[in-house]
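The letters A, B, C and D name the chains in turn, as written, and every chain counts its residues from 1.
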Amino acid sequence: MKVSITVNGVQHEKDVEPRTLLAYFLREHCGLTGTHVGCDTSSCGCCVVVMDGDTAVKSCTMFAAQADGHAITTVEGLAQGGALHPLQQAFWDQHGLQCGYCTPGMLMTSYALLKHKPNPTDAEVREELAGNLCRCTGYNNIVKAVRQAAETLQAAPAQK
Amino acid sequence: MSTETTVKGSMGVPMKRKEDPRFIQGKGNYVDDLSFPGMLYMAIVRSPYPHAEIVNIDISEALLVPGVKAVITGKDLEAAGLGWLPTFHGYDKQMVLAIGKVLFQYQEVAAVFAESRGAAADGAEAVQVEYNPLPVVADPFTSKTDAVLLRPDRESKTNHIYHWEVGDRDKTTQALAASDTVVKQRMWFPRCHPAPLEPCGCVAQFDAMGRLHFHVTSQAPHVYRTAISIVTGIPEDKIHVISPDIGGGFGNKVPVYPGYVCAIVGALKIGRPVKWIESRTENLTSTGFARDYHMDVEIGATKDGTVTALKVSTLADHGAFDAAADPTKYPAGMFGIVTGSYTFPVAHAEVDAYFTNKAPGGVAYRCSFRVTEASYAIERGMDMLADELGLDPVELRKKNFVKKEQFPYPSALGFTYDSGDYHHTLEVALEKIGYKDLLEEQARKRAKGELMGIGFSTFTEVVGAGPSKHFDILGIKMFDSAEIRIHPTGSGIVRAGTKSQGQGHETTWAQIVAEELGLDPQNILVEEGDTDTAPYGLGTYASRSTPTAGAAIAMAARRIRERARKIAAHLLEVGEGDVEWKDYRFQVKGVPSKTVTMKEVAFAAYTNMGQNEPGLEATQYYDPPNMTFPHGTYIAVVDVDRETGEVKVRRFLAVDDCGTIINPMIVEGQVHGGLTEGFAIAFMQEIQYDKDGNNLNTNFTDYLVPTSLESPHWETAHTVTPSPHHPIGAKGVGESPNVGSPAAFVNAVIDALSPLGVRHIDMPITRDKVWRAIRDADAKKG
Amino acid sequence: MIPAAFDYIRAGSADDAFAQLQRLGADARVLAGGQSLIPAMRFRLARPAVLVDINGLKDLDYIRIDSGTLSMGAIARDSAVERAPWIQERKWSLLHDVSRVVADPVVRQMGTVVGSLCHNDPSGDWTAVALAARAELVVRGAAGERTVGIDDFLVDSFTTAVQEGEMALAVRFSVPDDRTAGSYQKVERKVGDYATAAVAVQVSLNADGTVREAGIALSAAGPCAVRVAEAEALLKGQAPTADLIKAAADAASRKSEPQADLRGSIEYKKNLAGVLVSRGLRQALARLGVQS
Amino acid sequence: MNLQYTGEETIPADKAIVWKSINDPAWVGRCLPDVIDVIVHDPTHFDAIAQVGVGPVRGKFKFKFELMPSAAGDRMDMKITGGGFGSAIDLTAGADVVEAGPGTTKLNWSGQAIARGPVAAVGGRVLDAQAQKLISQTFANVRERLTAAG
């Protein structure tokens, strides 16, 4: 079937099997391999992307067909004009990643979180990231990173 | 001469990671990100039965599935002489695809190659396998009876794999008999799985010259190259193993798995690249599990709490094949560290391993081989002894610690601890957590019937395998290596035989070189994981990277410095003997004004080397003289809900001593991660099998990996006792938190429940288990 | 893992979706949030021949309160409930509590309330809440639309009053009065896990402080969520004393018929049912300013 | 996972008629709930394709049947195997055929289901309901069809 999805501002029109999961559409049809797959049960969140600007979704628990006509933002779409997004900068500054496999999902969930809760507490960040697993960092530094990004974005909302 | 080109003090600073820019932009390069023209996908048909004869495999329907190119079975591989795969011990072997019968649930039975992931899965579903179920052996106690022989393929017709022991059995037995007090407890360290978020996988392809290019999620690419050559007979020069970015390993990516061999065979047979990426279920059910040790622990002591003897007898469940990733001479790994931080005059440890109808493995899950099991046994045991004697677990530990002045300390089980200051580290921890106040709070709460616990673990680890006289994998000694090239403009490249899976080698290795040579770490490129370019090394696991490759890198850099000294002498127009390395640059002895920087020397090495050999390169292989022995004090504070059995970890403090610290930011990150996995093992993560051999934790809905909400907030601190035998005094830290923390969590829970008379609960400590313990205790009180 | 192949139909309207379901019968499944269905399809446990995707139907994507009724359309997301402005009001505290513990925060972005009710998982969250709040569902069948009370809607594990070829259009909750509060108590092994045990409680008080009506339901305590009628009756018309709460908790414990699984033993779960009912009642009453 | 069920059906028909019917594979196949097709291989072996539909688990599933009548003609055992995609479901069901007065026959049946692989791991809670339905409905249909016939 034909699907047309705008990914990071670029329209991708492809002919795919209906069973094509959005995650594999992004990885194998759009060549955007930043979105990862870590489980089959919608548990790990490595595959999280943002739909229509502010909705974090698990792209391995969604068919590409469902995203037809929608706008998807992946980790590759965060940096603007060569400048890192405040979340990317914060994950780097705070050592919020180690192996890097969960990082794209963490970043995209955090991106949507800050759209809805621009200034979350540590506790709120821990609640809102509970759909994303990380095996390396123990989450301490990821929480710090999201708080840093929130502050940066509050200071310069234009960067949103 | 100018000096602004010198960069000072690259060690011990929290340098931001050089590898991060690609990861935070989604530009990492993991195996599943690779795509090659004509690439096929492989799916594996697996057995639903834990133990069964294979009556028939019918692949005809599968071959009719659109997109399916080929199907291979055990018979095909056997015919090609590839039916079996040696495990890393060298003394057992493992079926690649089942031959004649299956020995564990989810065992590999056939491999399907197709044009797409979907078609491969459709093909796997269409393979019809007829099984004749056989009686199942689901635990080592049943296996021990040999009522059912699991491995008729082996010469010795028993399920017993090996007996290993260390220490003096008779003296230990006598000492225990003569002790005022003996505590005894069976502790089970349950089976768990490292479950890195990136599953295992590979892409196999042969080029026009018949050379195999094998991209794979491997913690040890060189060992893979040698192993693949041994298994397939392909000459080693015709094998190119590339381990790209790895999404976490934790020991899971050390062994060579059947899927890898199948992918290589498929690529050869069909003449197209083949990609195989595990599903999460395949990862949890068939690739290297960890632990599964049933330990009988006995500690003897005098009335006043001086330990007299330690005895540990273990039954090890190795599953269907002994694929434990332990060095050849140490079938039970470094379990001999079980005497821990304490001065036991005598001790004895033995391990008997058995086959069962469970997945093969026994990998070192974020620990040096079997050190986590040992550390848990002794730290739990010391708490039980304190409880038995009515002593404060802190006082008991202090009384029996190896003292600072006793190092190097020869342990009763044959290790020589390099260095440590256990009393100091403990004091730092007690101070930082406010132990006095906690004890008072606990007393108040207990008076009100509330359950609060404080748990300690003052562990000693043994890492950095290892000295060639003791350690090898498939006969290959466990040295490691480094090669450094300094370019004319003063930048350079380091290559090592290790392979980062998140540990940050691209940053820390550059820091070591920069520190040794006074160069800018930002301009030192680190490359690992490509067997065509990197010097031979044994890889990254068992916290061995810094103790082995880290040492090799420092020594290679010092070799470069010695060669540079000659060129510096030439530039400074003095004799080599008159040049000293001072404040990160060369200086004419006693003439601070006459200096030359490494950057200047580097340029001269290619442009104006005088009579000296051109270039500035060095290669160093390092065979460590001893292991390193990191240690630490961990303290957990928990509150237990009487009604629901819920345990809340209120605080957790880790004070680690891993010797010299290269990058404190990275060390802290390693500790956070290790503690979270230790927490998971203590409370959540378990691979359970029912009595029929069914795996009950086959995906992330039942194999419980903690989220940001369950995970406690971690507090950390450090003491520094350098290793005397390591070039920069570093000991390695990646695994200490995972090794040391489970006992602290369990000790805290048992401490909370001790007023009720609860002595022990096996991990994972679930709400149900805690609730029962409380209920049964209350019932006893009546 | 990749699902078995299927045909995909994007419904153009609710009428169109209904017509497709009528035409295809057992071969078709409705695709709403898909957060339970798609994982089941990836394991090939679910292998519908056709998926009828209703995610595009804006006329089913609503949460509205009018004339004393809260209505949620078939694709109203869990997250929309979680973020609704009125969710902070005391009378909606039961929905407030549950909206924060269904699955995980990301799954809640796609997951739907009606879908969760139609899935009728034995350990579901919304089913127990719907029982306690006495919700009703709007189901469209060959004979037109009908409303089904939640007690009749939940038939058996994974089975509801929605027949083949039918579809649920909405769920309705009557707006509680101002002397109403609730509580959702869930014990789970980790975020995203099915409940080990969960309890939904909603209490409405009379002016004199006696209980006008109580709704008490259990999840993970039987083939599907169950109402603890005995406990509700015990409280009705009475002043909620500690003894009464204890009696209600005991009734819940007796009513609970859980399965033993990795989450816990039968006795543990029965114990939890009682403990959580007691805690739920206490919290609901505390929200009403009543200390018990 | 291992699931056990028992039940009893009272049929208003002579034991001989009941016995004859339940020895006919085509007839027994038709007693399966939601059966779509029955392929008889021999007097004791047949395949049945049934429409399974419980919660997320939906679709056509193939089950292999083996009838094992007792020589004495008073007990029928059935072996049912199904599965797919790495899973195996082995059901065994047996019924004592007891004469209970003139024109009345009792079927005292018991059954157990053993599931292995993803079906058990992921679909266990669904499976219980399905296995119970499959076994109990089959015997219930035996009664209904014989009642109708009688």
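The criterion applied here is as follows: a contact is a pair of C-beta atoms (placed from the backbone, for glycine too) under 8 Å apart; a residue touches a chain by one contact, two chains touch by 3 or more.
Values in this document were obtained by computation on a predicted structure and should not be read as measured data.
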Key: A-B or B-C, whichever has more C-beta pairs in contact   = A-B
Ask   = Could you state the distance in Å from the CA-based centre of chain A to that of chain D?
value = 49
Ask   = At what distance in angstrom does the C-alpha mean of chain B lie from that of chain A?
value = 30
Inquiry  = Can you work out the whole-Å distance between the CA centroids of chain B and chain C?
reply    = 44
Message = How many angstrom lie between the centres of chain C and chain D, each centre taken as the mean Cα position?
response = 34
Ask   = Which parts of chain D, given as residue numbers and ranges, touch two or more other chains?
value = 84-85, 118, 122
Key: Where chain B touches two or more other chains at once, by residue number   = 117-118, 125, 279, 281, 696, 699, 701-702, 705, 707, 709
Task = Provide the list of chain A residues touching at least two other chains, using ranges where the numbers run on.
result = 17, 19, 40-41, 43, 127, 129-132
Interchain pairs in contact, sorted by label = A-B, A-C, B-C, B-D, C-D
Remark   = In the complex, the residues of chain A that touch chain C are 1, 17-19, 21, 40-43, 45, 48, 55-58, 61-63, 65-66, 68, 109, 112, 116, 127-132
Note = The residues of chain B that touch chain C in their complex are 117-118, 121-122, 125, 279, 281, 643-646, 684, 688, 696-697, 701-702, 704-707, 709-710, 766-768, 771-772
Inquiry  = Give the list of chain C residues in touch with chain A in this complex.
reply    = 1-8, 10, 31, 34-35, 38-39, 41-43, 51, 53, 55, 79, 83, 100, 103-107, 109-110, 191-192
Remark   = So, in the complex, the side of chain B touching chain D is made of residues 45-50, 105-106, 124-125, 131, 281, 690, 692, 694-696, 698-699, 701-702
Note = Within their complex, chain B touches chain A through residues 16-17, 19-28, 30, 32-33, 35, 117-118, 195-199, 245-248, 250, 279-281, 501-504, 665-666, 668-670, 672-677, 699-701, 705, 707-709, 711, 713-714
